[in-house]
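There are structures below to look over.
What follows is chain A paired twice: with chain B in the first complex and chain C in the second.
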Partner chain A sequence: MNSVGEACTELKREYDTCFNRWFAEKFLKGDRSGDPCTESFRKYQRCVQAAIKEKEIPIDGVDFMGPNKDNDRR
Partner chain B sequence: MDYSGRGAAALSASRGSIAAKTVKGFSLSPSFLPSSLSGHAVICRRLPCSDRKTVKMKIWTSEHIFNHPWETVTKAAMQKYPNPMNPSVFGVDVLDRSVDTEGRLHSTRLLSTEWGLPALAKSMFGVTRTCTYVQEHSVVDPKQQTFELQSTNISFTNLVSVDEKLTYKPHPQDPEKTVLTQEALISVKGVSLSNHLEGLMAKTISVNASKGREAMEWVIRRLNTEIEELTATARGTMRSPMAAAVADK
Partner chain C sequence: MVSPCRVNQGNNGEIFLLCRSAKKHLGPSLCCFLATISQPLQVSNHVLTEDIIFREVTPTNCLISRRLLTKTSRAPRWMERYLPKHMASSAYIIEDSIVDPQKRTMTTLTWNISHARLMSVEERCHYRINPENGSWTEIKREAWVSSNVYGLSRAIQEFGLARFKTGVTKTMKGFEYVLAKMQGETPSRTLAETATERARETALAAKEKAKDLASHAQKKQYV
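This part shows the complex of A and B:
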């Protein structure tokens, strides 16, 4: 899968590989030991946030509907 | 908006008992309502609304059972894209991720989609760019075994809001199965949805949901194949030194 920022795809794939392994082998099995992906995530994030700004994608702290939350937004 | 029994029946036909409950009880027909204001006023008492001109309707709910355990389905859902059933999704990015104090994983993701109909988009929305973006927030609770995803469009928000919520949980009677419940909330700005349009939207969502489930089965098969291949490779690499050791003797 690609990143929205074309230049970030390689960094994203590196992070995804790390995350998917940790998620399946540690997190889902209840292993609360540290996240080995923080460094790759940081590098990937720097790239993606820049791409999002550049493309002016309207990310915001969106109020999602929650099970008990008022759906009042916008 | 048709609040007669017909409308309620159409909604409940999509097996959305929640949807039926929200619309049931209104026996107003739009023909004698002045504009949609009264209708909106009545709805706003039952449904949350941001203002009198916007109506949020839960137009579709569904339940589906996967014949796979919750862990398998959750892993697949996390890696749902790319898949051949959703070719328009060209980008998935993680915007934020963290584990909370109760051990739940929160993720915020951006899904980028491109529709191959530039001419249509231009005539409908007056834009040539056809990228639409969806923001998704999800929570995985490995102890409770729940995976909840909520997504909303962040493009064309001046026209429409489509909020979707998905929940994956183990089947209460069979731990080898997983139940997926889905619901979609549509909000159209300043326009009242005709029963027909609502029906169309519900149908589109239903078709897409069906594709989504196919996509999940595809991802699960792919992951299982990868595991099988890894296992075969591991066995193969172990066999060679073992065979060599036996041959040496």
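This part shows the complex of A and C:
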């Protein structure tokens, strides 16, 4: 799958590979020892956030799990 | 045999999917997480891009992430006449997710950030181990559809719900496909027949209703 920033797809793939391995082998097994992906994530984010700004995609201003909290009927 | 997914409907209209976990040691969280992230690849050729734009491990050791997806925008012809001509042909969607490896649960919240005044769709999914049978993953799925377009909101809501219901079938296909691949099998093309049948019928009925409401709304404008 491609990144929204055409130039970021390779960085995205590198990060995804690192993340998937960490997720399956460490995170889900309760291993809390450091995150080996911080560097690849940083590089990828720098690229993709710039692409998002350039394309004026309106990602800001919504809290995490935020929209329409009153839809929660529990 | 391909791991099947079964579709049940809750009393409040929520849709439950019960999917058998591919391998016991993977557990439902990994199974569903992988299924969710690869699902767009397998089934929907309308997803153009996928990016993680935020990710963090919380102090309680939960993984929270935000994803940005872009999809081609598919509006039916009766709706197109109401859209401004220069409207973006891409749709942008955000998905927030929380994975709790201790509780073996995952929650996702997905909503569109483009075309939102025309039609706003929000979907929440809860994934957990089925309490009655530990080798099944239970997915509870709820959606809210709303529109602010005067005179058309009912039609658009029905359309949105129809698409959501059709989407359940695709979601099942997506899960089946990924689960089969994880088991090292060739994915089967068959689906639980009741689910497909019901989804198709409901989708058709809702689509017809939407068309109907739209043409009535149009007539009313000239009265």
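To be clear about the criterion, the second predicted complex is superposed on the first by the 61 of 74 C-alpha atoms of A that agree within 3 Å, B and C clash if a C-alpha of one lies under 4 Å from a C-alpha of the other, contacts with A are read in each partner's own complex, and residues count from 1 in each chain.
The rule is short, and it goes like this: a contact is a pair of C-beta atoms (placed from the backbone, for glycine too) under 8 Å apart; a residue touches a chain by one contact, two chains touch by 3 or more.
Given the structure is predicted, the values throughout are model-derived calculations rather than measurements.
*Asks:* Just to be sure I read the superposition right, which of the two partners does A:Asp35 touch: chain B = first, chain C = second, or both, or neither?
*Replies:* Both chain B and chain C are touched by A:Asp35.
*Asks:* Quick check for you: in the superposed arrangement, does A:Lys12 touch first (chain B), second (chain C), both or neither?
*Replies:* A:Lys12 contacts both chain B and chain C.
*Asks:* For chain A, which residues lie in the overlap of the chain B contacts and the chain C contacts?
*Replies:* Dual-contact residues (chain A): 1-5, 8, 12, 15, 19, 23-24, 27-28, 30, 32, 35, 41, 44-45, 48-49, 52, 57-59, 62, 64-66, 71, 73.
*Asks:* Taking the touch rule as given, give the residues of chain B at its contact with chain A in the complex, in rising order.
*Replies:* Residues 47-50, 54, 56, 71, 74-75, 78-79, 81-82, 90-95, 97, 99, 103, 105, 110, 112, 133, 135, 137, 140, 142-143, 150-152, 154-155, 157, 161, 163, 165, 185, 187.
*Asks:* Would you mind writing out the residues of chain A in touch with chain B in their complex?
*Replies:* Residues 1-5, 8, 12, 15-16, 19-20, 23-24, 27-30, 32, 35, 41, 44-45, 48-49, 52, 57-60, 62, 64-66, 70-74.
*Asks:* Which residues of chain C touch chain A in the complex?
*Replies:* So the residues of chain C touching chain A come out as 12, 27, 29-30, 33, 40-41, 47-55, 57, 61, 63-64, 66, 68, 70, 92, 94, 96, 98-99, 101-102, 107, 109, 111, 113-114, 122, 124, 144.
*Asks:* Which positions of chain A touch chain C when the two form their complex?
*Replies:* Contact set of chain A toward chain C: 1-5, 8, 12, 15, 19, 23-24, 27-28, 30, 32, 35, 41, 44-45, 48-49, 52, 57-59, 62, 64-68, 71, 73.
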